[in-house]
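Look for chain A in each of the two complexes below; its partner is chain B in the first and chain C in the second.
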Partner chain A sequence: MIPYLTKRLGLAAIVVMAVLLLLFSMLHMIPGNPAILALGTRATPEAIAEYTARMRLNEPVVTQFFHFLGNAVQGDLGQDVFSNRPVTAIIAERIGFSLALICTGMGWAVLLGVPLGCLAAVRPGSWLDRVTGIFSVGMIAIPSFLVSIWALLLFSLELRWLPAIGAGEPGDFADQLSHLVLPAFAIGLGWVGYLARMVRASMLEVLGEPYIRSARAFGLTPRRVVLGYALRVAILPTITLIGMGFGGLISSAVFAEIIFSRPGVGKMIFDAVSDRNFPIVQGGVLVATCFYILVVLISDLLIAWLDPRVRSSL
Partner chain B sequence: MTLTNTTRRTFLTSAAALGAAGFFPGGVGMLRAQEGRVLNLRLDGDNSILDPGYMVGGTEIEAQKQCLPFLAEYVRDGDTFSWQPTAYVTRLEYVDDTHIEFELAPGLVWSGGHGTLKASDVAYSYARMKDSEWSGYFDALETVEVTGELTGTLVLNKPFAPFIMVTLCHGPGAIVCEAATEAAGGRFTTEFPAICGPYTYSATPGQRAVFEKNPEWTGPAPGFDRVVCHVITEVQAAELAYEAGEIDCTELGPDSLARYSKEMPENTAITTAGQLQYMWMGMNTQHPKLQDIKVRQAIQHAVDVDSILAGAFAGTSAKSHGIVCPGLLGARSDHGYTYDPAKARELMAESGVTGLELTLRTLNWQERLLTAQIIQANLAAIGITVNILPMESGPFWEMGMEEAGDTWQDLELWIMRFATVPDPYEATQWFISGQVGIWNWERWTDEEFDSLYDEGLSETDTAAREAIYVRMQEIMDATGAYVWINHEPETYAHKTSIEVVAAPSGELNYHRFKPV
Partner chain C sequence: MSALPSDPVVSDTTATSDALRESAGRERREKLVRFLTDWQGVTGLLLVVIFFASAIFAPWIAPYDPNAMDIPARMSGPTWAHIAGTDQLGRDTFSRILHGGRVALYIAAIGVSASLSIGLVLGMIAGYGPRWLDNLLLLAFDAVRSFPAVILALATVALTGPSLTVVLAIVILTTIPSYGRVARTATLALRHTEFILAERSLGASTGRILFQHVMPNVIGPLLILAAMEVPVVVSIEAGLSFLGIGVLPPQASWGTILNEGYLVIRDAPWMVIAGGIPLILTTLGFTFLGEALRDIFDPRMGRGR
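Our next item is the complex of A and B:
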């Protein structure tokens, strides 16, 4: 397990480096003077010069990159161009909202998608299987931003059941929970379909295995066969999918955060790109990348823990 | 001590009750209704720098107006704007062309035990503004003479008629507490070192800024006990939030303004703050293809601006007759050319130019592209082929600047929009000879225009100033380098139960809002 973990961590570091290098290159390929873009067209020459020096824009890109990397390793992601606040503090204020949204979105998708997939696999060809199939494909096909807009129009504007904007009153848990419902619904809906399809396909494969037939022959109840033996194996590829899904939800969450005006890392990066606030963009992307890598790593380790065959192949 | 055992049943019951409280549509609203008169507004982003010397502007000015003293404030007089002294002063008046005397109201207290508002705070604030990033607003100020604890004189280095309107009423005119600002290191960002205004200020980044009634404030009481400004960056999202009843007032985009004008939502009114933006199509008078004034005049006559206003702006913006915006001194009701395709064809024939092909550069925004397409069709009708070049804001805003490269040499046509302040001098400054290659991308010079610009700054007679700015726009018309398009309004939809007060440039002044 330790060599595997070491290898994965090394790979993660290379991925982070590659992402940052790509990001740096992209930011410096944007046409126009970054100082004018950030400060506005009527900025004074003194302000532009001060900004250029402060952001080290007059240094070679490679120097800037390694300077950023060196500071990032020490936990310093730079300062917000406008407020001069530390980027780490700004990210810390928002990451909780993103994690709450992503976990809730994926949470309800798992709670609904996995049982739906199981039920469909246990009764293949039944009306439940067909309905699940149709709805799963439908859920996957609808983009999350469209679900966000539709949910907002229906539940906030028309019915007025749930709030349309924000993350709720600080300290008021019920209010914050009610503000989480629509965005989490919007970003999780597609994943209900993905998970249901994935679990169904895996379950159908596993249910045809000889050991399942043996379990049935031993007289185990269908519930025990499905939940105790088949699902434990069928869930393995789903865990990988969920791990990757957490990463994907970071980008889906951007739309939900914009449409519902929720604070979050995705929206923070989006706003920073609009404002050409490059330190925030760099810090935000670094954190999002690390989060993605971490989740994928955890899901891989979880699979290795659950499946002795994976462990033995390391 | 009593221990409470949590069983699975009690947990589920508690969770259900909690969930019901959260999801019950009226629950939270009813709780809020008991808190007093609350105004819910939109903030288009976090306030990054509240310091008037280093602010970005916009909503930061809105926050300053609630928490910091100002000597003057805008007042609307029919369709025009003027100024009035604020509640912070008992006297503010010109004693001659270069001296403005003020007397502060007594007993106005800074928070944090920093004493009362004094004339020395005014002197300190404006002296530091002269060294700040907003120093341009204070070029005309020589010094502030403190003549007493509450009295002083603003001394100008030359007669500058718009000083009160442009500087004192606007964000840079905010006064900070000398003692508190120095204690904070001379600059501040997301917190005021001390406040002296109707509201206190607190902010949760990414979520909201909250203004609560300032218990130490002895001036006129604001109309609402609490103002909650929700961070909603997108205009469309804010409009949805307004329609969902979560905010009481929001800015409207051109599409929504047209929709609201046709079918106004229930209990909604619309207030236009101002129309301090001017859009035009510019022509490079030095470009070989456009050096002949007859070609430029033909283009002026060929563009159907009424179609642009209807097709690209849904009829929500005012037709432009020059760079001076409606409501300001020198705003015109007509200009030196008309839409006349026959005349345009005649001028083209006189010029002898045939097969002309021009490039029209524009920002890649929806209404600009629609505008460009209409112009393309209009010019095709007189035999000019127009290629539209949509651009990102980065290269667009520096394409006419000589120091940014050679693109200025290739500039032919472009669609441009500038924002301005409530005085005509600001709009005219970008077209003087010294601005050629900086902001005067049309690249013409005119001695009369330059001298009129200087005269306009120092002239204090209203009628004479008006004549100056009308003449300056006539000179611009005569260059043939401009097709005036429109003045987009800053428009707000709000509940009929509130009266909205906004600066001409669109900043809301919450403490002057009133429940109706």
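Our next item is the complex of A and C:
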């Protein structure tokens, strides 16, 4: 496990470096003064001179990159162009809204999709299997931002069951929860179908294995065979899928936050793009990508822990 | 009593090749029958044909000019004159949807073919080239995949401003790794086969081996993947245009229709409903078609029937 862990962590570190390099070079690739890009066009000449000195913009690009890197590692992602507050403080305020949304969205999808896939695989060809099959394709086919818009239209504006915008009153848990339902529903819906299909396919494959036949021959109950023996193996590809799919989930969450005016990191980046507030964009993109890299890393390590064969493959 | 080795060799081979040809023909017929009896595949094909036809013939089918404003009739609900209603400026939503399909087709055609070609070449190089190059390309694929598409698009648009070219570039960049990985795996499997070794010992150049001999064997799964990637590409375009960072108004695209509809969602809900339907039908169509083709040509990856 230890050699695998080292290699996998090294790989993740390299990818994070590549992301940092890309973010750094973005500001330098476009024509114009990086100081003006970072401070906004309203910046005074003194502020520009101060920023140029502080970010060492007159020094060679390589030195600048290491300076940028050093700051980023220490949690200094620059200041908001308008309020001058540190970017990290602003992200800290907003990341909770995004994490709550992403975890709830994925959570309900897993809780519904995995059992559906198992049930469909245990009785292939049954009405449940067929309904699950048709529904899952349908759910996958609707882009999540469209689910968000339509859910907003149906449940908030027409039926008036749930609130349409915002994240709820701070401190009022029930209110915050009611604001979370629709966006979480919207970003998780496609995943229910996706997971159900994936679990069904790998479950069917595993149920045909000799060791399952042996387990049955030993007289174990069907429930025990499926949940205790088959699911343990059948879930592996699904874990990888969940890890890889988080990128898509993050994208969906950005849309949901914008559509439901939820003050998360995605909405923050979007607003900063229209304001040309580059430090915020940079910081937000860095946090979002690092989060994704971390999730993929965790899912890979989880697989390696559950499946010894993987450890030797890297 | 032993058989005489007179000239059965010749007749045998012709017999075998005839049999082979016949069995290949039968197999092809069987595949066609299997496709035609798969309701998902046929539905998919139908939807895909409708998508192509409505996009190509939009100027002739559309009842109105997509940008013709009719202020007195603005924000009217669905009527016989405007079957999908009109928008804030009195433009006919149905005509705009038809013309929006052209944008989707344009992005899908260019985006998918470009990322397929680039992914194919990079994947073959990764699978056939030296180990360090393979590792480097895999790392590059991983790095690109580490950016959620929308986040990457937002970051790029922050610097360049919104445009169709940016959308296209994002679409191509983010979808290259899927093709690259599939092409790489398929090339790796071919790398040590006898016919490739034979070519190599005959002195064929690497380029010739890759493009004449590896490519025909790798391209099949990539084409099926391409059918499955069309919905992804179309959704990215619609999503980015919805956010106002892709196709720009007044150009009609499914995303801009949804964007304009979202702004008036309380007063003119038909716009976001009508604007979303073609998106879903196109996505469903290509997904059904891609899965049906995959089931027939690559049963191992299939739906597990």
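Brief remarks follow.
The criterion applied here is as follows: the second predicted complex is superposed on the first by the 266 of 314 C-alpha atoms of A that agree within 3 Å, B and C clash if a C-alpha of one lies under 4 Å from a C-alpha of the other, contacts with A are read in each partner's own complex, and residues count from 1 in each chain.
Quick note on the criterion: contacts are C-beta pairs under 8 Å (C-beta built on N, C-alpha and C of every residue); 3 or more make two chains touch, one makes a residue touch a chain.
Because the structure is predicted, anything quoted here is derived from the model rather than measured.
Contacts of A:Arg160 after superposition on the shared chain: chain B is touched, whereas chain C is not.
Of the two partner chains placed around the shared chain by superposition, chain C is the only one that A:Ala201 touches, whereas chain B remains out of contact. Of the two partner chains, neither chain B nor chain C is touched by A:Gly113.
When both complexes are overlaid on chain A, the residue A:Gly78 reaches neither chain B nor chain C.
Of the two partner chains placed by superposition, only chain B is touched by A:Phe173; chain C is not. Of the two partner chains placed around the shared chain by superposition, neither chain B nor chain C is touched by A:Gly243.
In the superposition on chain A, A:Ile140 makes contact with chain C only, while chain B stays out of contact range.
By the touch criterion stated above, A:Leu152 is placed in contact with chain B and with chain C alike. In the superposed model, A:Val285 makes contact with chain C only, not with chain B. Shared contact residues of chain A with chain B and chain C: 30, 152-153, 157, 258-259.
Interface residues of chain A facing chain C in the complex, by the touch rule stated above, are 11, 14-15, 18-19, 22-23, 26-27, 29-30, 124, 137-138, 140-143, 145-146, 149-150, 152-153, 157-158, 197, 200-201, 204-205, 244, 247-248, 250-251, 254-255, 258-259, 266, 269-270, 272-273, 276, 278, 281-282, 284-285, 288-289, 292-293, 296. Residues 40, 139, 142-143, 145-152, 154-160, 231, 235, 238-239, 242-243, 245, 258, 262, 265-266, 269, 272-273, 276, 279-280, 283-284, 287-288, 303-305 of chain C touch chain A in their complex.
The part of chain A that touches chain B in the complex is made up of residues 30-33, 36-37, 41, 43-44, 47, 80, 82-85, 90, 93-94, 97, 152-153, 156-157, 160-167, 169-170, 172-175, 177-178, 181, 258-261, 263-264, 267-268, 271, 274-275. By the touch rule above, chain B contacts chain A in their complex via residues 18-19, 21-23, 25, 27-28, 45-46, 48-49, 56, 133, 135-136, 189-190, 204-208, 230-234, 237-238, 240-241, 243-247, 392-395, 397-398, 404.
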